[in-house]
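Before anything else, here is the set of structures, which you'll find just below.
Each of the two complexes below includes chain A, the first together with chain B, the second together with chain C.
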Partner chain A sequence: MGFLVFLTLLILGYLFGRLAESRHYKSIIEREDALRSLPLVPIRIPPPELMKHESQLVTGSVVISVDYFKTVAASLRQLIGGRVGAYETLIDRARREALLRMQEEANALGADAVYNIKYETSRIGDNAGKGLGSVEVLAYGTALIPSASK
Partner chain B sequence: MSFPNENPKLPENINNSYESPLVDFLSMAAVLLGVILILTFAIGWSASWVGPQIPRNWEPDISLADTGLSEEDLRIEAYLQNLLMQLTARDISAQDTPSGDTNAEPIAFTLHYLPEVDVANAFATAGGNIHVTAGLLRAVESENGLAMVLAHEYAHIELRHPAILMLEQLGHTLLYAFLGLGDNGAGAFAQSTGMTTLMSFSRDMERAADLRASDLLTAHYGHTAGASELFRHLLEEDEVEEGRATSSWGLWQSHPDTQERIERLESSYDYRHKKGGEADALRSLPDWLITTLELNSSE
Partner chain C sequence: MLISNMEVVPGKRITRHLGMVQGSTVRAKHAGRDLMASFKNVFGGELKGYTELLSESRDEALERLQQQATALGANAVVNVRFSTSSIAAGASEIFVYGTAVIVEDR
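The block that comes next holds the complex of A and B.
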């Protein structure tokens, strides 16, 4: 009985997890292409040509949950070692999504660029200790907006 | 330093693995199952080897018997103890004891009668304890049928099965403790694989005990007629409770298939050829026992 529950959760986790992941990646790639002309740079000092711009904090945050299949795959990985592919895609999606949301905010403000970009990652949820948790990624930076007086 | 006009398009699959998660998962699961299978077999084999080497007095005395038996129940318990003593007495000199030790002393056992239990069952526990339920006494039709069950449990004790089982459980528990697997996810998957493997050892033990028991019966009665009575009863019960017989998967069971056990017993030479040629070879259960059981069941 316990084994059947496990198998059902595993299959559901795999099917829905894969569906969500491939959809998400498709959307990420499309939006990255659309916002490609809004440069994102990690440098701490604004470039000289944009020194006259006004600056404003922009943030993007996302929370993504692990699915059951990923948890089991990761716990198997724990025994064997190597790259935890299941979690790599999860973190990759979360980072890119957070950056995109920040970029979308900057775009809405009419920014020319975002500089001094930083990431924060944290895990969420009481079950995180058992491997079933969510991950939060926060991306923030300083948007450079052309000043109105100019 | 020039400021970029746009973000570069980076190649995919730098920060995420390219391989299919399903292939990745299945290959990892196969490795884990292989390891578990090998280790569980190793545990099973070493337990079957180490178990019989352990001195009998090291075994803990485990019994589930009630203490406050009535006078009637004590009489039944004494009858069972006596019957099994008779069964095994003839065999003391037997050369075919598993150890091959001809000077082997008779193995001490204690019979416990469980008057409150209506399910037909008998089991042996560590420390030479044999338990027989009231339901079992009602399920068998002759002394021979009862003797078969008692001899079967005695064989478990003689063959050191309680000790072997305890070692298997210990090994199993240690294995999962070392692997650090919990009860969820991959741990549950691995544990059920391990248990399924151990079940095959358990079925082998039951077969060995059946075989030994029929030898004891032959030594005492000269034949094994009536030996399959309990199994026939169990089979009938299964048929009444429809679905139970069909839902039992051979691989997951601790005991061999009941039908298989009946066939094995009834096809033996001793079952078909009653030595001495008595027409009515089955000994009936004592009248007082039948009366007591009937009285108690009608209560």
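The block that comes next holds the complex of A and C.
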């Protein structure tokens, strides 16, 4: 009985997890293409030509959960070591999604570029101790908006 | 209030540093959301409830940072950094800090 539950969870996790992941990647790639014109730069100090712009803090954050299949796959992987592909894609999705949300906020403000981008990652949730649980990524930076007066 | 995570403010000159200001908040989500989250741990996907909660707490922390900066007579906060830590199973702390400054137009 216990094994049956485990198997059901595993299959559900695999199917829904795969579906969610491929949908998410599709949406990420589409939105990244649409916003390609707004440069995001992790440089601390902007170049002189942007020195007349207004600056404003922009942030983007997302919390993404693991699925059951990934948890099991990762715990098996931990026996032999090596790359944990299941978690790599999870973190990659979270990072890109957070950055996109920040970019969307900057775009809505009419920014020319976003400088000094920083990332902040943390795990949250009850099972943070057992596995990865959920991962939260925050991306923030300073949007440089052309000032109307100058 | 101008808030930026750069150490310079484009088009402006920092005339005075007023020291560090900070804001923090600890939030927990209610049991229903926690239950939903554990379902999501099976299926995967975004936890929208948590995303909202954390962005609300971040706004709250920023609000407190601004209050402190205003009390010091600052008109801008530069070099802002965020930090998150989970202090208990269901609660997380959002901490934001920066340097309160007075800026003038160049």
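The rule is short, and it goes like this: the second predicted complex is superposed on the first by the 149 of 150 C-alpha atoms of A that agree within 3 Å, B and C clash if a C-alpha of one lies under 4 Å from a C-alpha of the other, contacts with A are read in each partner's own complex, and residues count from 1 in each chain.
Simple rule for what comes next: a contact is a pair of C-beta atoms (placed from the backbone, for glycine too) under 8 Å apart; a residue touches a chain by one contact, two chains touch by 3 or more.
Nothing here was measured: the structure is a model prediction, and the numbers come from that model.
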Partners on chain A (chain B, chain C) - clash or fit: fit
First (chain B), second (chain C), both or neither touched by A:32: first
Touched partner set for A:50, first chain B, second chain C, both or neither: both
First, second, both or neither for A:40, with chain B first and chain C second: first
Which superposed partner A:108 touches (first chain B, second chain C, both, neither): neither
Touched partner set for A:11, first chain B, second chain C, both or neither: neither
Angle at the Cα centre of chain A, taken between the Cα centres of chain B and chain C once the superposition is applied, in steps of 10 degrees: 110
First (chain B), second (chain C), both or neither touched by A:71: both
Which of chain B and chain C A:141 touches, first, second, both or neither: second
Which of chain B and chain C A:92 touches, first, second, both or neither: first
Superposed model, chain A: greater residue contact from chain B or chain C: C
Superposed arrangement (fit on chain A Cα atoms) - minimum chain B/chain C Cα distance in Å: 12
Touching both chain C and chain B, counted on chain A across the two superposed complexes: 50, 68-69, 71
Complex contacts: residues of chain C adjacent to chain A: 2-11, 34, 37-38, 40-47, 50-51, 54-55, 58, 80-86, 89-90, 92
Chain A-facing residues of chain B, complex: 1, 3-7, 9, 12, 15-17, 19, 21-22, 24-25, 28-29, 31-32, 179-182, 184-189, 192
Chain B partner contacts - residues on chain A that touch it in the complex: 2-3, 6, 14, 18, 29, 32-33, 35-41, 47, 49-50, 68-69, 71-73, 75-80, 83, 85-86, 88-89, 91-93, 95, 113, 130-131
Complex contacts: residues of chain A adjacent to chain C: 9, 12-13, 16-17, 20-21, 24, 44-46, 50-57, 59, 61-71, 97, 115-116, 118, 120, 122-128, 133-134, 136, 138, 140-142, 144, 147, 150
